[in-house]
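Right, one structure below, let's go through it.
Here the chain labels run A, B and C in written order, and each chain numbers its own residues starting at 1.
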Amino acid sequence: MNVELKNIHKHFGKTHANRGINLTIPSGTIQGILGENGAGKSTLMKILSGFIQADPGSEVILDGKPVYMDSPASAIRYGVGMLHQDPLDFPPMRILDNFLLGLPSSFFPNRKEATQDFNLLAKEYGFSFDPENYVDSLTVGERQQLEIMRLLFLGARVFILDEPTTGISASQKEKLFATLKKFPEQGMTVIFVSHKLEDVENLCDRVAVLRGGELVGETKPPYNTSKLVEMMFGKVVTLGERQPAQTGDTVLSFQNVSLEDTRLKIKNISLDLRAGEVIGLAGLEGSGQGMFMRACAGLVRPVSGKVILKGRDLTGKSYHTFKREGVNFLPAARLEEGLVPGLSLTDHFVLAEEPKGIFIDRAAGQKLAEDRIKSFNIRGTPTSTVESLSGGNQQRAELALLQSPLSLILLEHPTRGLDIESVIYIWSKLKDRCRQDGAAIIFISSDLEEVLQYSDRLLVFFSGRVSEPIDAATTSVEQLGQLIGGKNWPEKGGAHA
Amino acid sequence: MLKTRFGGVLFQAVAFVLAMSFVSLILVAVGASPLEAYKNMLTGSVGSMRKLAEVLVSFVPLLLVTAGLLLTFSAGLWNIGVEGQIVLGAIGTTWALRYFVDSTLPPALIIALSILAGMFAGALWAAFAGILKTFGGVNEIFGGLGLNFVSTALTLYLIFGPWKREGVASMSGTEPFPDIFSLPQLPDLRISPWALGIALVAIVVVYFILQGTYFGLRIKAVGKNFRAAYLLGIPTWQYSLYSFLICGALAGAAGALQVTAVYHRLIPSISSGYGYLGLMVAMLINYQAIWAVPVAFFFAALNIGSIQLPIVLKLDSSLSGVLQGVLVLFVLLMEGVRQKFVKKV
Amino acid sequence: MNQETLLVGLAGVLAAAAPIIFAVMGETLSERAGVINLSMNGTILLTAMSGFAVAYSTDSLLLGFLAGMLIGALVALIVAFASITLKQSQVAVGFVLALTCRDLAYFLGNPFMGVAGPRLQAFPIPGLRDVPFLGPLFFRQELITYVSFLAIFLAWLWIYRTRPGLMLQGIGEKPAAAYIRGANVNLLRYVYTVIGGALIGLAGPAYSLGVRAGWMGTISGLDGIGWIALSITIFGGWNPARAAFGAYLFALLQWLGLVLQPVLTQVPSQVLQVAPFPLMILTLLLVNIGNAEWVERTLAAMPEGARKFFAKLLRTMRTSPPAALGVTFERD
């Protein structure tokens, strides 16, 4: 199916998310859409999939006919289907019910017939599912396959995939790409949205790059990576020279620690972390790095082994004990876990201090807030509620809440969704704190370049296995990418990281 | 800022007018004159010193309960069990008075101890709901409701069982205590200045707790985002429990004053729905302590004003409940309309 | 107690549970769609009063039941409007309505206090009524009791076996996913809340025209039933079959309280009457405790065998609500 987007505009309040985008995608191609966070990719795709409607004057033309799609359901009737980054399915349902839901069928769906249809379709595309199993037992990659099947069954001719390679394994990615590469032969169009250059280069017949809500360029293979990067960011990005760590005494030591939750087991981690050191944790989402970090914070209790912080055995102690000993944890979900929406910046700074007496000294709180706002360059006032701040400023506020003195800073995706300027600022602040307090940093990031750039050593997680600490300076993005995907691991390695 | 505040007041005024119109329609529908009814309620509540004193008698427990609920609401908790906490307060006080009735201690001390016993019992009952919530995962609404029923049954059991009156047990309650165990009242009026004082002190203390203390700020943080509050280092479940305990103690004080200042005995419906009414007051004032006194007074006036409706106009006294409920409902609805309106502009 | 009186007693339990069945089925449908209708306690009282008043005034039982359903639907419509359109707290609006409708019932019901009105008669089903054992138990009931049996079956069938029922599960679980599958989420939520409200509205007349015929104002003994029905909905895990089991269990316990009273003379009657309430708290504790954080921590510290056993036990007991219960849905 031939897709033509003409003069697409979209405003959200004052934000102009799409600024007159014109793009033609011929039938039977795999079109890549590249752009950093906030470039307008998602908005454009939501418009094409009927999830939201563009401003008047914008046009979507399919096979030469202008169409108006007021919902995803009407989009799929025109043959446009979208696979969302977080699969929009129903985890507690049976796979068959999840598949049936929303499909045209009789009033009492015939489960036997539906099972046959389902199995047939799965076979055709080389997927294997037990239709009576539950969706929540599947991996993200399998849930994507399930959604693809559903869209195929509904007759989709245009497939939009939004960051589909986040959170799936390397082998599932290969399978996904193999499936997608078959589509053009059948006259289908694939639109692949990503900010991962490598994926786009491997898969797409052509690439369009968005920046600041505008289409800034289109290219075809062979791709010139540095040119793509320049188009994405509007400038050549350099993150500055790596600085070797000045390490001091051991801050944190894991001795044969084993961790466990309902889905995952990590066995026998041993690690010594020294003051001033930065350790990056890499791995696909849900490979165990989150559990490891929560164990460092005292939020997860080890099943066995010892956790020693600055010579004190803290095994099995609570998060608040860890915190008193100078361990601070900054979770990824800022407004859900990190900050309290509805409270002002002043309130937050007062809460983070040790109470002095019973009554709050308002004037002192105000002064404290003003100082912190200035020294952390937060765009906001002492009375601003945290939810009124932008993401970058929320992250700065979280940094401003770090207690003093510190021995260990734990960060989950510290720069996710932030612009490059904020990223550089936040890392410089973090490194400062490290030097001042003699603290160490452990952070999780799905951005491989960030992991390599800012850590001294790194640990790679793959479905509960943990690598030996790896020297970041001598590792390339490719090597790291393969480890994350489960390749090139030593036969029985990881047991004594 | 001024504009939005003015807008807020405007929407509340509209809500008030709508509520009054709605209730007037109901009155017309049952063939009564709304004006007559409202006039009766007005004269029945503030028409004389005597009536005003009655309003204050009803105002005291309502204000105490509202004060407590402001804390649990701030902690993000729907303490529906407050009704039972009042009952337990009354039971605790009655128990203590029965225990001390023959002692040689000075009566003032006995009264004070009995009120403390009531506060303790109320806090204990609230702690049940709190523990069910924090350690059992039982939503405080359902735990609290269940405990309310149990507390009512407990009262009936005590009145008809171990604490029954000489001769025959009856719905009129336990044997009244001697006058020396009552809080002193104003001459010729039923209101005890002591009870009024306790209630006013309670709301002032709660106001300052919420406005200016570390404790209050922490409670608010727990209420607005439990998870983030925990990660910021606040002992969250302890603070949830503290708010339950204080609310329970204040509700217990309400029950204790019902015994020592109003009924002088334990009666089956000792809590008189003040707990549920307190929840409505807290909702109506949008959880702002500063408005608690006037609104609680207004609700108390409606309660007392409606008492003579059955005699004078042959209308059921539950009209006050209808009026209060409809008022809160329209204020909630208009708040929704206002938010929609603000968003659009 | 001989077999015959036992059967009559148990048949009475089935009849006594009928109003609760309607309320629980209505609430289950509403909550499945994502809307908590907390007004239930007031709705039941208001519909009991108005159902009786209408039946008394028109001398038509049918109109009485219809009036109940209409008023139940109207109250639910207010909940839906406040929560879906105005995005206010469902709990707050529901709670206010619970109190307001109760007082409105007492206020408007004043003229009907204690008057003798029409009531349902037993409607034995010819043929089936004489089947040994089953006949006296199931087939000598009032018409409304048969309808309650039907309501359980239909609610179950609808949710688990029909195409719209699948969508109903979807809008309560993940509205965005239901939306991309073609559901008009907010419209459906309105529809199910109102239908649920109409079912809840059947509970009132089922009392005032059946099980506890007449209107007695504050001493009707109906205040509190709605809260019980809410707990049974949770106990039922939003599954009509399991919820019906809870409703019958509750009615059975109340009946046992009455039957055992003469036997257990040393236990005051008030204690037996109230026995279902602590039991209700206990069952809620059992179905919820698996969600508590300390349980997870304690489990993690146990040896593997014990951990697996307890984890499995807790999982079987636990019920988890529709994921989007009480969550508003917006497209962007």
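Assume a residue touches a chain if its C-beta (ideal position, glycine included) is under 8 Å from a C-beta of that chain, and two chains touch if they have at least 3 such contacts.
What you see is a predicted model; the values in this text were computed from it and never measured.
S.K.: Find me the chain with the mean Cα position closest to the mean of all the protein Cα atoms on display.
M.R.: The most central chain, going by mean C-alpha position, is C.
S.K.: If we define chain centres by averaging CA atoms, which chain lands farthest from chain B? Would you check?
M.R.: Ranked by distance of C-alpha centres from chain B, the top chain is A.
S.K.: Which pairing of chains gives the most C-beta pairs in contact?
M.R.: B-C
S.K.: Can you work out the whole-Å distance between the CA centroids of chain A and chain C?
M.R.: That pair's centroid distance is 43 Å.
S.K.: Please tell me the distance, in whole Å, between the geometric centres of chain A and chain B computed from their C-alpha atoms.
M.R.: Centre separation, chain A to chain B: 48 Å.
S.K.: Based only on mean CA positions, could you tell me how far chain B sits from chain C in angstrom?
M.R.: Inter-chain centre distance comes to 28 Å.
S.K.: Could you please specify the touching residues of chain C with respect to chain A in the complex?
M.R.: So the residues of chain C in touch with chain A come to 161-164, 166-167, 169-170, 173-174, 176-183, 297, 300-301, 311, 320, 323, 331-332.
S.K.: Note which residues of chain B are touching chain C in the complex, please.
M.R.: Against chain C, the touching part of chain B is residues 26, 30, 78, 80, 132, 134-139, 141-143, 145-147, 149-150, 152-153, 156-157, 160-161, 276, 279-280, 283, 315-316, 318-322, 324-326, 328-329, 332-333, 335-337, 339-340.
S.K.: For a test of understanding, state which residues of chain B touch chain A in their complex under the given definition.
M.R.: 212-215, 217-218, 220-221, 224-225, 227-235
S.K.: For the complex, which residues does chain A have touching chain C?
M.R.: It comes out as residues 12, 46, 51-52, 71-73, 76, 82, 84, 88-93, 97, 100-102, 105-109, 260-262, 301, 303.
S.K.: Please give the residue numbers of chain A that touch chain B in the complex, ascending.
M.R.: Of all residues in chain A, those touching chain B are 319-320, 323, 329, 331, 336-343, 347-348, 350-352, 355, 358-360, 362, 401, 403.
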